[in-house]
Amino acid sequence: MGRRFTTERKIRFSHCDPAGIVYFVNFFDMVSGAVEDWFNEAIGWSFNEMHIRQRVGFPIVSTGCEFFRPCHLGDRLELELSIARLGRSSIEFAVTGRVEGDEKFRARHKVALISLDAQRALPIPDDLRAKMQPYVKEAP
Amino acid sequence: MGRRFTTERKIRFSHCDPAGIVYFVNFFDMVSGAVEDWFNEAIGWSFNEMHIRQRVGFPIVSTGCEFFRPCHLGDRLELELSIARLGRSSIEFAVTGRVEGDEKFRARHKVALISLDAQRALPIPDDLRAKMQPYVKEAP
Amino acid sequence: MGRRFTTERKIRFSHCDPAGIVYFVNFFDMVSGAVEDWFNEAIGWSFNEMHIRQRVGFPIVSTGCEFFRPCHLGDRLELELSIARLGRSSIEFAVTGRVEGDEKFRARHKVALISLDAQRALPIPDDLRAKMQPYVKEAP
Amino acid sequence: MGRRFTTERKIRFSHCDPAGIVYFVNFFDMVSGAVEDWFNEAIGWSFNEMHIRQRVGFPIVSTGCEFFRPCHLGDRLELELSIARLGRSSIEFAVTGRVEGDEKFRARHKVALISLDAQRALPIPDDLRAKMQPYVKEAP
């Protein structure tokens, strides 16, 4: 089925809006943070190493999200990440947000490796691609 | 062709990330702010009136964005908003971001009217729908 | 010496600015989140219970911070909180941020209990004050 | 009396918290943005020029704020900036926030010029200091 990476976020006061629920923009920040955690913890490639030392990055190509139910102050949000498609330079993540098993949103989030200085796409190095491969979802 | 609503944002230091470009999450905040401005200025329905007095809101159903080129500190971003589809309760906005005519991103942003207390969908009132109608994109 | 409450934050990409260091505004969000964690974990009074059910809150009266050294992407920031002064309605927190023992900033953060509907100060209830008392710093 | 610089912010939905008022952290972002506008518009020194080309910056040394009254969704906040003290490398700003003449907060915000690469204090260049001088508050 493909490996999955999970990470948790506490829903705080500052995430919520005057309607008393999480302001949706904060979910994108959490999805992006989950991708950062995955690079760091699952692939062993920290954003510090990547951006500051190697001068490469994974800017967003496209992102999209369906929101099923609101999240509230005090919720513990579980983010589950897998790879929907692994390209030459690009990675399309599938990220699901759940609170106590209840699905709150489902996102597709596509990034691509570039050189920060040349602003040009780079192929994902083979040794890192090998570590990413187990997270690719298998066809049903 | 349908009427369009435009609003401008100055790209500030706090919008930018260590790669020196706008952190994509801030674009969603700008898109959401453009929708708020449109309700306020084009439809005459302020978010204060809506959320605080009438206890209704337009939470996000789904959103998606394609990013073509990065935005930089000091850019003046023009946001152009029209309606891709006007449903019974829902509005699907098409929002384009440009800097000096250069297209930076294109978003689809769907919201739906609900009662904040009952958490149930409401039909968009006819007088407000009439004001929204001119912003609906005509089929090509 | 008074009890201390500690909580940790991972410094992420989205906290950092084009100078490659934490944008200072994010430290205030972290300080405020540490206060929220303290209420929740040390006092047993969740912000959800407080704001949504009891309709009371602790808005900010004043806040101030000295910044000694920058924080970087990948740092693990330890926040240490104690009470500098416990008033009838108000609490003045002293919050220190450290990375591997190195002091990064020191904040004073004063909040006061109010009724959200009446917008009037309320005395801190005795049972909660008793739980706060151990965190008050003793005079040297 | 010294010259003053003013700039305005619209209080939006995303600035507000579940208590229906501006989350205080957003005021610091607005104060910081007002300082950025002042550098850009009053001094003629853009943050892009400063950070990206000249590799210098004005990190925060200390900041503090007293909050008098809450701000609400839909308010138009006027920020007024002057200089409380102009040092060799440092500038201490006094920033006041008002809505329709009603004072909402008063901040002190101290920054100091550094070389981003050497991380060392630099004296403010004389030609720029001359442009800053009119904003220094005179003693009463």
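Going by the order they are written in, the chains are A, B, C and D; count residues from 1 in each one.
Methods note: a contact is a pair of C-beta atoms (placed from the backbone, for glycine too) under 8 Å apart; a residue touches a chain by one contact, two chains touch by 3 or more.
The model shown is predicted, which means the values in this text are computed figures rather than measured ones.
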Same-interface partner of C-D, chosen from the options B-C, A-C or A-B, over half of the pairs matching: A-B
B-D or A-D, whichever has more C-beta pairs in contact: B-D
Far-end chain from chain B, centres as C-alpha averages: C
Distance between the centres, which are taken as Cα means, of chain D and chain B, whole angstrom: 29
Intercentroid distance (Cα basis), chain D paired with chain A, Å: 34
Chain C, residues touching no fewer than two other chains: 13-14, 18, 20, 25, 29, 32, 51-52, 73
Complex contacts: residues of chain B adjacent to chain D: 12-14, 20, 29, 32-33, 36, 46-48, 51-52, 72-74
Residue ranges of chain B touching chain A (in the complex, touch as defined): 18-19, 21, 24-25, 28-29, 32, 51-52, 57, 59-67, 70, 116, 119
In the complex, chain A residues that touch chain D: 13-14, 16-18, 20, 23, 25, 73
